[in-house]
Every structure is written in C-alpha cells, then in structure tokens.
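Consider the two complexes below, in which chain A is the common component and chain B and chain C are the respective partners.
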Partner chain A sequence: MSDSNTVTVDPFEEERPKETHFHARMAVLNIRENWAAWNGYKLANYFYDAEYEYFCVRNGCGTYDICGMQKYFVTGKDAEAMLNRMVTRDISEMNIDRVTYLVWCTDEGRLIDDGTVFKLGHEHFMLTCGSPSLAWLEKSCYGFKDVSIVDMSEGIAALALQGPTSCEVLKKMGLKDIDTLKPFGIKHFPFGASQDKPLMVSRTGFTGDLGYELWIKPELALKMWDSLYDAGEDYHIQPFGEAALNMARMEAGFIMPLMEFNEALKTIHFRHDHTPFQLNLDWLVDFKKPHFNGRAALLREKHDGPEYTLVKLDIEGNKPAEECNVYSDKGCENEIGYVTSAMWSPVVKANIALAMVKTKYLKGEIWAEIYYNKELRSYTKVSRCTVKEKPFWTHSRSRATPPLPY
Partner chain B sequence: MNQYDAIVIGAGHNGLTNAAYLAKAGLEVLVVEKNDYIGGAAVSRELHEGWIYSSCSYVCSMMRQAIHRDLNLTKHGLILVPYLGNVAFGDNGETLVGYTDEEANYNALRKISPHDADAMFRLHADLARYAQLIRKTLLRTPPDPTSFRPRDVNELLWFAKQFWGLGEKELYEYIRFFTMSAADYLEDYLENDLIKATMASAGIIGTALGVYSPGSAYILLHHVMGDVDGNIGAWGLARGGMGAISQSLAGALQESGGEIRLNAGVRKILVKKQKAVGVVLENGDELYANIVVSNLDAKRTFTQCMDEDDLPPGIFKKAKNFKIRGSSGKVNIALSGLPKFNGVPNNRYVNRGGQAFVGSLETMERAYDDWKHGCWSKDPFIESVIPSAWDPTVAPPGKHWMSNFVQYCPAELADGPWTPEKRNTFGQIIVDKIERYSPGFRELIVHMEVRTPHEIEAEVGLTEGNIFQGELTIDQLLFNRPFPGYAQYRMPVKNMYMCGSSTHPGGGVSSACGANAAREILMDLRLGNTVPDDDFYDE
Partner chain C sequence: MSSYDTIIIGAGHNGMVCACYLARRGQKVLLLEAANEIGGLAAKREFFPEFQVSVAHSISHFSAKVAKELNLESHGFINPSCSLPTVGLNRNGEHVVLAHDEGGAASLSGVSEKDLASFKNYQTLMYRYAAMLKPFWGTVLPRIGVSGISKAMTYAKLGLKLRLLGKSDMREFMRIAMLPARDLMDEYFDNDLLKALLSWDALIGSKMAPRSPNGPVVSLLYRMGGDFEGAHYLPENGIESLIYSLRSVAEASGVETRTNFPVEKILIQRNESGLKVEGVTMPDGEIITATRVVSSADPHRTFIDLVGVENLEIQFANRIRRLRSEGYVAKLHLALHGEPKFNGLAGPEGRMIIAPTMDTIEFAYDDAKYGEFSRQPVMEVIVPTRYQSELAPPGKHVISAHVMYVPKMLKSKWSVDAREEIKNKTIDLLAQYSPGLKNLIAHAEFLTPEDIESNFRVTGGNWHHADHVIDQMFMMRPTYEAAQYSTPVPGLFLCGAGCHPGGDLMGAAGHNAAHEILKS
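Up next is the complex of A and B:
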C-alpha cells in the first residue's frame, strides 16, 4: 500500500476510456455506474433507469453527451467542391448557418458512413459522423488545391438536448429568440464573459422529437452544463445514455451504424455492407449534381433496384424480435431477411423493429421467428409483421417554428 | 337526430372504450354524459389556473396495452409515463424508501430487516404468479358456471386449465388467498411492521375493508397486478393527467364517427316489452337506440335509472344490496414548490416519487374502526403522488400538485349529513398529517380540492363515491360481478348491457370492462369480434 502523499502512477491509464468534457457532471449522476464507450470516450449506457431516461426525451427533456462524435473542420476555397464530390447529396445550394444530413459512399456505391454537414461560412464547413473518418476525408481531397481538414473531435464539446421542453429550457437559459430557430438551422449566442458568441446551437438531433445540439469550447463545457441544468431544473431535465437514445431513434426510424449498416470500409465480406438505396436513403442521392463518389454504381443500383430494403415493422405480440430472421411463410421455410433493431415501444405501445427484407418479398406476408427466454428457459414464437411507411413516432412540435407548447 | 344504433350512458373511460369499439364496427353510437366534460373518474381538471388535477383516479397500471395499441391511443395524444420510487412513512418517523433498482431496494429493506429483505423475493414471486393468472382473465368474459352452452363450457375448461397449471400446492394457496386478509397473508412472509403495513396498504385502497378483514388480500393483488410496459407492479401517470386517457379514447371514438353529447344526464332507460329502446334525458329529450349500454354502476343503473316494474323480480333487490360502500376521499393540493419530507434522501428521484403514509398495521386498522363508526379516520392512511414531478404539463414550471388518496372516509356520517364545514375539517386532517412528515408543507399550499364520497358521488355519479363501482370481494368478482347470472355484460332487459367497473374485471382504469362488453354486443349483433385479446402479454 502506498501512503496518501505518494503520487502513484496508474498502470492502466492508457487502457482506460477517456473522459469527455462533461464527465465531471455526468459521473455524479451516473448512479448505476453503467458505462459504455464511444470512440475511446466513456459514455453512459444509462444513468439511473434506461426507460425513465427514454421517457424524459418524450416527456420533459434530456441531455446526451456527443463529445465522442467525430467533428472535422473542412475549410478553404475548395472545401465545398471537395465535400460535394465526396457525399451523395448536393450541398452547393446550402445557406450559411444550415445543417444537412447526408451519407458518403465508396466508388462501388457502398455506404461508408452517415453524418451531418454544418455550413459555418462560405469556405468553412463542419462534418460530423459516428466513426473516425480522417483518412477518408484526406483521401477525398485528392485533386483539390485549397482545402484543409482539421480534426476538431477533441476541441469542441457537444451536448444534445432533446425533448418537448427543450426549447423552454434554452429560453430560460437566456438564449434570445431560440424559438425562431428552424429545424436544421444554426444560431450563435453569447455565453459567460465572452464578448463573441462562443455557444453554437443547432436544431438537430437523433430522437425524432423537438431537440437541439449545443457546441462550445471545452473550457466552457462545464459552465454550459451548469447553466443548462439550472435552467432545466423545472423542466424535467435528465441526462440520458445510449440505451435511451437507441430506443428513441428506433421509434423515429433513424439508422445506426453496426445495427442497420456495416461501414463499407470496415466490411470484410462484400455482401455485408449496404447502398443508400437499401437503407431507404434514396432521397440523399442526387444524380443531378456533377460527379460524386459512387455515382456510376449508384445509378446502376437505382436502375436495378436494391436487392434488400430496410423497412419498419410492426410485429404482433410484445416480444422484441431482436436478432431474428424473417420469412415469407408462417412455417419459416423461406427466409427473406433479418431484423436489424427491435424493441417494445413504450410510447406507441407496439412491438417495433427495423428489418432488411428482400425487396421482391415486401408485398407479401412477413413472419418473424422470435426467440425469448423466461427464467432460463428459451422459447420461440412466430409472429406476423406489418410494414409501416411512417416513423413509429413523430410529433408535429418537432417541425413547427416556433415549437408548439410542450 | 334522436335514433342511434347504440347509446352509451356515461363518458367515463369504460363507456368511451365501449363506444369506440361499437363505432369502429360501423354502428352509429352516441355517448351521453351528465357533466359538461368527459372522463368520469379518469379526468383532468384545471380548478386553479395553471394547475391540472387528476381529480379522481390518479395513477395507471392496468390500462390494457392491447387496447391502447389497437385503438392507437398514442396518436390521439396518450402517453403513459412511469414514475419511480416510493416512500412509506411509519408512525414514529421511520421511513422505508422503495427504489426502482432491485439492488438498491434490497439494501434499503435490509437496513430495516434483513429477514424481510430476503423474504420479499419470495413474496414478489408468489404475487407475480397469482397476478399472472388474474391478468389473463381481464380481457375475457367470465363463463357462466351453471350454463351448458359450448362457449361457457369451453371457457370454464380454460379457467380450470389455468388454475391446474399452478400445481397442486399453489392451487390450495390461491384459494386461501382469495379469502384472506392482507395482514394475515403477509404474516407468512414478513416480520417488520412497517414493511408489512406498506405492503398491506394496497389491500385496502378503495375498499371498505381493513387490513385485517378477510378479502383484503385480493385487493392487494388487484393493485399489484398491473404493469407499465412489462414492469409488473409499476405505476404510471398519464401525461396531461388521467383525463388524457379519456380524451384519447374520445379521439378514437370520434375518428370512427361516434358522437358525444355533454350535459345530457339520463333520467330513465326506456323499456318497452322487456326491451331497452332508448333513454330519457334529464331535460326530457327522448333518444332511441337498438342497444342501450350503461357505464353507470350497477346500483345506480337499476335503482335510479330504471323502473322496478321493468325489471324481472329480484334484480332490483340485488342492485339495492350491491356492495358499493364509500370508503375513501381525495384531496388535491396545488403547491408553490416541491415539499420536502423528513427522513427522505434529497435525491432527484425519490424525493419526488410516491408517498404512502401508512403508519402501522394497527394505525390502519384504527382508521378503519373510525369509518365503521360513521366518522372519517382521525389518523388516516394516505397514498400520495406528485404528478407534476414527472409530468411538466400539469403545473407551472417549478410549481407542483400533490394527489392525496385518503382512507377512510364514509359516505354517510354518524352525526348527520355532510356539510362544507365537515368537508373542510376532513381536508385539514389530511394537511395536518402531511405537515407532520413535511414541516412547512402548509405554507406551500396554493389551492386545495377536498373530495369526500359525497362530492365524488355528486360529481362523477359513483354511488357512495366507491372508486371501483362496487367492492372487489369474491362475492362480487368474476362470474359474480355484478350479480350471479349477469356477468356477461347482458342485463335482464333485452338489448341492454353494462360496461362499467361494476362488471368484470372491476375497478381501475383498464378499459377492460368496456372492451369486454363491446365484444359481447358485437357477438350478439353478429358483427364479428374486433376487440383484441391480450393473452400474449404473459406468454
């Protein structure tokens, strides 16, 4: 044993997950000590109770730490052209202080990742995405003279604030005219002693409800947290973890890497990655713009139609169809696809799932073979599935400006 | 228009459920409601600006998910939010915090009684087993044990199979359970009085029984058999108050073309040639329908809304003797801040969960004694919850309201009729008791609504203010509810049905009574059943 005055070196330091800019506050509220990790950072799986936290997002508001998300500044005269060649959506018409959701693909039209682009100035963009993408970004600069990529992942603290009361909380925090911010818009606000506007707020999120994301310098992160939680106290603010996020995003019908899609650059077997068409992201592919990565392959895919299509399923009964296959017959003889994510939706009171189904079988019957266990015994049941066109959960307040009262 | 396919009397949640299913099947349906608002006892009311009380029922765990899902109530605005944690207060300042997390809960129990902390696992397993069995019956019509019709025989066999499935030992236990008192039942498991009292309190809620009265064990089960998204025994709040449940059902009803008429109390159910043909409203209007469904309690339906001459002999008497005793009051209190309670950790979850002022088994029994003597309990059992701590829509930001369910409070006082003064004295007893556990509570009060059985009967129409539309004792359960021979929602007059909590499976905001009655009506009309079953929920 060392005495308390000796400074001991932690032999595991390098191995431990890093702490995000908000960790000091979140650690206090993580009563269950239930941590997951994201890109090397500690991230709560849940803090108190996953379902309760999910309900905060649907009922009050919650914060989700997105420091682990990758953020890149793409700047220079050629920044826009470079991004426009890399991604499948046309970003040339974007206005300053707007955000857009997009994907990028390999030359074979296979999805590398999805993310958002923030247009911060004529020659200044921020790209955010789930996985480290520095190498691909730099490769994508080939042929462009004036473009530079800076990895800002550690240099920006970011926190998502999601839920019906989120706008009220920001108003209470003193963010003037926040209610005029439109979906996918950006506003900059003064914060603390700073004369400039160090707090950037975008009306974006991953929960399908009203929500915002807050971006700030790391040295102001804890101060922002405190200010947000002071304002949110009477509006039911609560941190939420990955478990609750996953529930909310599934209801909203949003896709998640390693659930709905395998990133193309990390895929070993060529049939295990996806095209945007398979993921129902046709609307993100713009063939009207000039050449972009994967264009020819995607044109072919569009013409032939995707072999599989991601669909939303409403499944009989209440047993989540996690990791199960789907069939065109109740006897489960003709396998036609697989479930990517599944859950019991507490808000909708439905047994929901996202599934990859062979496109040609979509018009027919779909049956899921579900496995579940009770008190160590495992059971199987076959349940009928219905394809849903719309997200399982949406709320008009998430699109209205100003947002509707909570 | 004064001619409908069906008229449902009373826009409480079961009436609306029933009407929604009838309308969905294509019938022209009218719901008549005596008040100028819908909801019956599942209601949200803004009695003080900015505060929305769930005036009567206040929490929800029995709402049938199958119905919520089938009628798409979420689309019509319904969100059920679970609330976490509960604190029980003992007579001498002891507290028992019930945590959501199993490990935390075990530790809290262990601090008071290591024996009980351990025994609680067996108690919960046994209760869950019983609850599972009862839960399966909720969305089923009880079989008539004296009938030889194939449907009844099949259904009886189904029941028998479920019971036999328990195994021989459990079968005996189960039968014993139905006739035991909550306190005696718990005696076999627990030793600590506060823990026993906390568990036993669920056995008296809404009923004119004491913790030592035979039959209260079943009431306990009735209160723990619900679930929120599969978390058995958990309780939820409807976002926007309990009225959100009724509003969403009304939304489903209106989407299918159903109508609701407010300020339309029913004076009489019209009967011609032993057939129900319509209703006469308080204002004298006559409305006609092929089918009349009463969502009123059995006593009110038969003794207030029907002529004795229109009924077969005996029914009027049975209805008159139907056990529907008023035993509880409700005090809704708007607060300028969140109250703090003695001995409760100041953490953001448990200091705003539910509160149960149980005292002890002895205190609860004495409270019952007062009721027997025609007086409200001087030291009552109070079950409280602060909905605004979980739902941002029911009080202004930073403000709160507290729902206090009080046991016992008689419908009729020994010293003469209820008066506003007596009501206020009753209200003050509640405030005094809470103040004992939460010094400074009184100063937080902004507005108060005190409801004795007298007010509940006058406003909602529940006889004696009985929250279950009739006691949940074995003589009034399953095929005995409301009366033997009339448990299948068809009433002694042709074309007349009942769909309220006076029918199986009884009280609670479950929508089950209304849905079961709709199933029977659709069957009689040969329209094909569209009411879902929920068997799969316990598979």
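Up next is the complex of A and C:
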C-alpha cells in the first residue's frame, strides 16, 4: 500500500507503450480507446470505427501516425556505397529530394525488410522501415570507412496525410506550390516562426491514392497537427488507425510484414521467409548493378523461378477468405497455397485477397476453402478465385502532377 | 588478355608452394611479396648486425607429400636425422625431457614410473588418432550440402577411418577430441612439468589455455601428423632452407617473383554480369592483370582490406570480421656474446619450455585475455645457433623465444615503454633458468603481436591467421563459402594459413589450394 504523499514508481514503466509526438491530439480523438502498438509506441487500431475511417481516406483525407516507423540517417562519403550494397535496387542515379521504395535481403537472397530511402543530400540519406534495423545497418556498415548511422526514430515526428483532398488541405495550410510536388518527390517548407524550412513533405504513402507524408522536429509536431486540422476541417480530415490502413493498402496491393512476408532475420523455420521474386517484387531487383547483398542467390532464384508467388485474387461471393488455404481443385484435395490478407473491398465491390500460391499452379484453377461464422455457427464454403494482374484499386490522381482538385 | 594466369599475393611458404604447383602445370604465375625478402614469418632476418633469426623457429609437420612432389630435398630442404628434444625446464635443473632417437622411438626422462607407463598408452592412442586425421589435412574438405560422389566420398572416408579405429578407440576419440587440454593431461599424468609440456602444442598460437574448450586436442593432433610424429625439428640448413628450396623450385618452374611489391587492392571488374577478379593494383596505381588472384594473406586482410566490403556480402563480411585472429604470442630475440647455460643442462639443447605447471599457463592467459601482461609469462626457447652456427659471428649465439601470453590489444595500449617492460620481465624470467644470461646480452628484440602485425602484415599478429579452434577448422576454415579455397568473388582464391588445414610451416594449404584451382 502506498500512501498518497509518496511518489510511486511505476514498476512497468519500461514495458508500457510510449506516446508518440502526436499523442496529445490523437488521444482526444480516440473515442474507442482502441490502441495497438508499433515498435513500442501507442498506435490506434481505430479511433471511432475502422470502416468510417477507411471511407474518410478514400473520400476525403486522413492522417496516420508514422512516428513508430524506424528512421535512420545514413551519412558520410560512403553512405551511398553502403546503402547500394545493402539494397537490391540501384540508388546511385537518385536525385536529391527524391524517395525510392526498396527492399534488402540476406546473403541468401531472403527478404529482410522493405522500406524507403530519402536522398536528402549527396552524402545524406534517410532510410525508413517497419522494424528496428540498427543491428543489420551496423553489420552493413562494417568495412566502410566513412559512414555513420543515426537512429532518428525518436527525433523526427512523422504523419501521413492520405486521400483525394490531401493536396487541397496542404495548399490551404499554406504550403506553396505543393501541387507541383511529383510522386516520390520531397519539398521543404517554412513553418511557424522558424526562418529555415523545418517542414519536410514527401509525396509518398501506403494507400494507393494521392497522399503525402509530413516530417518535422518533435517540438513542432502538435503545432503542425493543429494547423493541418484547421486547414482540413472542410475536407473531412480524420485520423485513421491500423485497421483502415490495412484495408486501403490491400486494395492497392501493397505488402505488409507479418502478413505477406516474414522478416528473414526473424524466422526460425528454414524457408519460412521469402525472396523478392516470391513477393512479386522483381522490379526492385536490379541485376544491372554489379553487386548487392544476395545478388548471386537471387540470380539463381530468377533462373529457377520462385516456388511460390504472391498473387492478387478476386474471389467469388462476399465472405472474406481470411487465413484460408487455397487448392487446385474444388474438392480441396491438392493444397497449393495460402491466403495472406483478405477483405471485402467497399470501393471495388469485390471479395479480394492476397495469396501465396505455388507458381506452377498459377495457370490452373484456384479454389479457396473459406471458413466463416454466422450467429455463432461455423460454415465452410469453397469459392473460385481469379488471379488479377493489376492492383485492385488505383486512381490516376495518385500519379498526376498537379493532382486535379477534388 | 591477361598477362598472367595467376597472381599470388604473399611469398610465404604457402604462397610459394601454391605457385610451384601451378607453374609446374604450365600456368604463368606471378608471385608478389610486400616485404624485401620472401618467406613471411619464416624469413631469416638480421635483427642485430651479424645476428640472424626467423620468427618461426622450428618445424613440426611440414607436409612430406609436398616435399616429395616438389622434390625440395634436391633443392636443399633436408630433414635432419633426428628431431629436437623437448625440455620442460625446471629452475633447479630437474627437467623433464622428451626425446626421440633416430629410429623415432620416444624416451621420456624425469618422470615417475607411473607417468612413464601412462605416457606409453597416451602416445599409442594419440598417434593412432593423428594418423587417422593425417590424410585429411592434405585434402580439400567439400562444402557441406553440395552433392556429388567424390565430395561425399571424402566424408565417407573420414567416417570409415574413424570406424576402423575399432569400437573402443573410436568412442574414446569422440570423447577426448573436444576435451580441454587440462582434462586430458590430468587424466593421464601426475607430473606438472610433463603435463604443461605435452599441452603446449595444443595451445600455442591460438587464444587458448589448458582449461579452454573448443578443440585444443584436434589442434594437437594436427601438429602430431608430422614426419617426426609431432616432435619439432630443424632442417639441416635451418628454417630458411625451406624457403630457399621453395624459391629454387619456383624459379625452376618459371614462377616470376617480385619482392618489395605490396598489393594495394585486388582489382575487381564490376559490370552487369557481376564481379570478376581482374588482377591487382599497386600503390603507385600500376595494374597487373591475371585470370585469377590467389591470396596467401590472412582472410581479414584479403577480404576486408584488399577486396573491400563493397564487393562482399554482408553476413560473409561479418563472419570474416568475427574470426578469432588476435595474436597472443610475442617473440623475443637475443643476440648473445656467448653460449647461454641452463641449470642442469649440458648444453642449450632442443625446445625448452618454461611452464612449470598448467596453472602457470592458465594464469598467464587470464591476465592476457583481459588485456594485461602476463604477470608470469610462459615461453618456448630455442638456441638456433646451437644447430646453425652461421646465424651469429663465431662463438656468439642467438636465443629465439615464443612468449605467451602477450595480448595484441593491450588495455593500456602498446608503447615503447610497455614493450620494454614486458621484454625485461621476460628476460628476468629466462635468467632464472639461465643464470648469467643477462651478462651475455648484446641486444634484445621483442616483437609484440602488434609488431608482428605491422612488420609481417598479419592481422592480429596471429601466426595461424585464424585461431586453431574447432569452429574455425576443417570445412569451416576460415568460414563457410570460403573454406574450399575458392571465395564468393569469382577468380579469387585463398591459399594461406587461414584455410584448411591451418597454420604452422606445413604447406598443405598452398598444396590444397593449387589442387582446387587446377581442378576448376
């Protein structure tokens, strides 16, 4: 028993999720108190209702807290050489103020993580990714003379603004010429009383629609939130959580760790990890580059063909094929793969899924054995699946510069 | 068009052996040595005017196959009739002496009847094991997981050899192979000097002491595979006769050798087809091209310094980074006005070991592993002029001693003073066994592992390039993906002590590498 006059020490302090730089504002809006966690930070699963937030992102705009994302400054004369050896894409031709999506692999060509590289200067890059990667980066730096890694995950507040009205909101917020920013471009803006340009905006995101990500120092985070929400009042601005993000990214066909892939450094079972070829990320592997980690193994994978391939499935009916296996026959005798993510897509009006299917069966029939529940009763049905080549949903405004007013 | 078929980096004995084999099979070979002299750690150098010595001061198991195939004998490398006795020095002159006569029969003096009887059993068993392993030191051990009849056969042969020991000896081998040296010695013997003496060859050169696990017995068996069953010897014309005979064979085979030729980088072509070794570059920018480059430099120097991590994979580069290759053996060279006298010895004969007990070795190691000098070092002493008087002016002598344990990474950092301090401490200790020694000293040179690293371009100053420990031996040496002499970089091969089977003056790494190159 502690009496009220003594300061009590929280024995679980280290264990509790930390609050992000935007927490003060998000906590007020998190009506359902439904928090998940990401890399030790509180992150809303949803604020009010996942579907409502999803519709805000698709029809107005929404903000998603990416403070939990890992951000590393990679600097020095050898920064580019070190990164270029690590990732499968060639970043040597990147211009300053550009962003590129990429992956990196083990020596055996198994995917460690995906992320983005921001080129901020000739010898200054920012790498972002979903999981803490300092150990791998330190290994990757070994032997390079002039490269340093600084973990900026705490030191930068980052917020994604996604949706058709996002450009309009930023314009209204006073970001001059934001509409001239091209996809994967970066611009720096004045903000508050500061004379320099402390607000960095990249035209990047994870929803397949027009969207931006805002990067600023932590002490300006709440001020930026306020000015964004003031500007967005008439544009249906709404914070969205992990659940709505997952819906939007699935429609866009983007992959998610622990759903579509396991990080190779964290798997225990032999080959419970993946190659970029299995994940349909061939376009990120640039064999014109003389050397990168996993190159030899990936050349073999390219030659032999991946055992499994991630495909987009359009499934008959309306029951999401969550966590189900797929078969080459309606009788479900020959198992050929498994669904990684599935949902009923409101915008496409289709029952969609991402699935890992044995490559040699892709040309034949694919059937999903779906389990669902109706008023406490379990049912099973077998539905025909069709492979889709294109993303389930995309919009021309996500690529247009300037994006047309909405 | 390449100007050479093969460029070999480093004219130590392994580089030279490899060069000889390749040239004899018609390759155009260029052998590059950074130092003024060929020979690496076996090179004879003048450490004081008119006094000469080499860092390597005895041979235990130079490959008889290599000597025969390259006909080294007719080029001046001649085995002596008898090996050197090993003497466990005692301050009062009550030494333990292990000697072999010309017929190879061992005699042991200074121990009890009981130890003598145990020694016979010990020796019989150990020689059986050494003989069993011997063929595999001179064989390329295939990559695990690669199929193929001939590759499977190598391991099948090892299994068969093991099985042919018979059930009880095989089981015994499985039991003792991984024992710390101390457990094995305690099991057989009572005499402290004898125990320390016999465990010496299991430990020296690696970061290991009597209580260390990680396969010292295997390291001992490796050394016991020599012509004199593991006893050390000096060839008739000294260590340098090995180097000179190899030079002579190399010349006769058409190997072009250049000394004073430090390689700056291994030149690697980088294009859409990946990486390919093209040759080497020199500090002045000169480029010499070749179809392949073979490095007898240590793995760390080869991969991290000469190849560069930008051409390596990340996990591979980090395995090279984590190789245990920190040297713990220093070298003391004394130029003496006269012959040193040791208590109780008629003359300074053989390999004299100053290590009164296994605990002395262990405590010396304990200090060093935390970055300090050993309070009481242990050492192996030879008076090479006893066998080769031309190493010093008439009537003068040289002492050569391996001193353990001297850390490469001294906590207080190496300095002139630090080197003086340990040098004097070592001489003080030596003088306890050889009274009057100090009055004979004309000059003393002390090479710390750091000196050995910088003078001989050996990472960590480690003779073996990578410790002889079980995780860095056989098909794991120096690490997987580079353990069959080829490397992840097409056109680059290894042939030095960092490869299977390992260090010491043996030549098997150079031989095996040439075999593998000629096969590919």
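We take it that the second predicted complex is superposed on the first by the 396 of 406 C-alpha atoms of A that agree within 3 Å, B and C clash if a C-alpha of one lies under 4 Å from a C-alpha of the other, contacts with A are read in each partner's own complex, and residues count from 1 in each chain.
By definition in this document, a residue touches a chain if its C-beta (ideal position, glycine included) is under 8 Å from a C-beta of that chain, and two chains touch if they have at least 3 such contacts.
Note that this is a predicted model, so its numbers are computed, not measured.
Colleague: Determine, for the superposed arrangement built on chain A, whether chain B and chain C clash or fit.
Modeller: These partners fit in the superposed model.
Colleague: By the touch definition at the top of the document, which applies to A:V150: first (chain B), second (chain C), both, or neither?
Modeller: A:V150 sits against neither chain B nor chain C.
Colleague: One more residue to check, A:G60. First (chain B), second (chain C), both or neither?
Modeller: first
Colleague: Any idea whether chain B or chain C touches more of chain A?
Modeller: Counting contacted residues of chain A, the larger count belongs to B.
Colleague: With chain A as the corner point, what is the angle to chain B and chain C based on their C-alpha centres after superposing, as a multiple of 10 degrees?
Modeller: It is 160 degrees after superposition, to the nearest 10.
Colleague: Touch test for A:N318: chain B only (first), chain C only (second), both, or neither?
Modeller: first
Colleague: Output check: A:N293 vs chain B and chain C. Expected answer is one of first, second, both, neither. What do you get?
Modeller: Second partner only.
Colleague: First (chain B), second (chain C), both or neither: which does A:A24 touch?
Modeller: After superposition on chain A, A:A24 lies in contact with neither partner.
Colleague: Once superposed, minimum distance in angstrom between C-alpha atoms of chain B and those of chain C?
Modeller: 41
Colleague: Where on chain A do the contacts with chain B and the contacts with chain C coincide?
Modeller: Residues common to the chain A contacts of chain C and of chain B do not exist here, since the sets are disjoint.
Colleague: Which positions of chain B touch chain A when the two form their complex?
Modeller: Residues 65, 68-69, 73-74, 79-82, 84, 100-101, 228-231, 239, 349, 390-393, 397-398, 536-537, 539 of chain B touch chain A in their complex.
Colleague: Spell out the part of chain C that touches chain A in their complex, as residue ranges.
Modeller: 270-272, 274-275, 304, 308-318, 321, 488
Colleague: Inside the complex, what are the residues of chain A that reach chain C?
Modeller: That would be residues 81, 85-86, 106-107, 136, 139-140, 142-144, 287-288, 290-291, 293-296, 299 of chain A.
Colleague: Under the touch definition given earlier, write down the residues of chain A that touch chain B in their complex.
Modeller: Chain A residues touching chain B: 32, 48-49, 51-52, 55, 58-60, 164-165, 168, 172, 233-236, 316-319, 344, 346-350, 379, 381, 393, 406.
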